[in-house]
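Labels for the chains are A, B, C and D, by order of writing; each one numbers its residues from 1.
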């Protein structure tokens, strides 16, 4: 399994994990699940809106998966990213990778998340008691992105 | 959920993942799944035997989980480790952590695996066409263990 | 013809999702297209498109202002991405 | 009385899973227990327990040879661990 999916509907993270395990028995699997948190800079968040660039979003995630797969000799990978309006507790993003060894699996999954944060065309807006607010890019996300020695992915 | 489990029976990694997600909605979740690989240094492996030190194995995994949880402010964690005879493709070990942010979740899960490899009292023996052979500790496992600034866990 | 899309804060500030622009040899690179947009749009467009952290994509890849532009291209302007 | 366990290659080489030893004040630390085991067991025990990478646990914690031993303790000797 080597696919990326961009969708407005919620997804079943458990089913994603099962599908990846079933497709690739006998190796090291690392997964990341990101869900909408109910706080952000001390303001209660009620919902999140993710704007995306149709076409480019799908292409950038697919290219990211392929690049990471090549760099870490992955046996399989899967990225799911939502867009649209999400409620607190819902999954936003899911990434799973399969490698022969754990070092490669951890690095690959972390690279996917770090690069995706800054290079995939999604923009987050939070809805809270203060109204709607676009989220700025965090300095630590830029730092984490720099650890991976690749050019811009888009 | 903050528990370690040492058992001879196989386990359902998907059920472990579901239980962790259900117990902790709204955060960053990283999981590691390790299964019996069918190769090792070019010899076809048919089965793996894991000897363990009853009592110390449980205690060391519980202490590891607690220490990592404290270091990375985890909201939840779960470690499952098998012992006894395992067939190719079966799960050996599962670790899942929940944190507020992805950096902490990745680091915590990787630390659990790196420390567990060298500090938890399990010993692997591979069965192949060459007979049974105890597995030595890999140099890279010692290197990876050194990255985590904690004393010996047991 | 080139298609130009706007996203997130940029889209809101310009009150424009997408527009089309007749391609001409004078629109040789991204910077020239930006100048043309500002000439058409006026002060607000000047301010918004001058933002330091503005990103531009050509055919779904982030590029520099010096990137050549061809007839049929899709350009897009947007702020730093915040996925995941 | 102290309980002494052996695991993996050490267990196999010594052909012993577990044994008990009467505690005495002379068995003040792990090194003294090791000497006593070698005195009882002979050449093979001397060779096996002299291995550079031999680890020892006292009451489920890996310790140094200088670790004190008390009546009622559980000691264990084993090679480097290879879990996960």
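Of note:
Criterion: a residue touches a chain if its C-beta (ideal position, glycine included) is under 8 Å from a C-beta of that chain, and two chains touch if they have at least 3 such contacts.
In this text the structure is predicted, and so the values were computed from the model without any measurement.
Without chain B, contacts among the remaining chains split them into A, C | D.
Path length between chain A and chain D in the chain contact graph, taken as the least number of steps between touching chains: 2.
Averaged C-alpha coordinates put the centre of chain B at 26 Å from the centre of chain D. With each centre defined as the average position of its C-alpha atoms, the distance from chain C to chain D rounds to 73 Å. Note: centroid distance chain B to chain C, computed from Cα atoms, is 49 Å.
Shared contact sites, meaning residues of chain B that touch two or more other chains, fall at 34, 102, 113.
With touch defined as above, residues shared between interfaces to two or more other chains in chain C number as follows: 84.
On chain A, the positions that touch chain C within their shared complex are 34, 50-51, 53, 55-56, 59-60, 81, 92-93, 113, 116-125, 134-137, 152, 154. Contact residues on chain B toward chain A in their complex (touch as defined above): 13-14, 17-18, 21, 25-38, 88-89, 100, 102-103, 105-106, 109-110, 113, 140, 144.
Residues of chain C that touch chain A in their complex: 5, 7-9, 57, 60-62, 76, 78-84.
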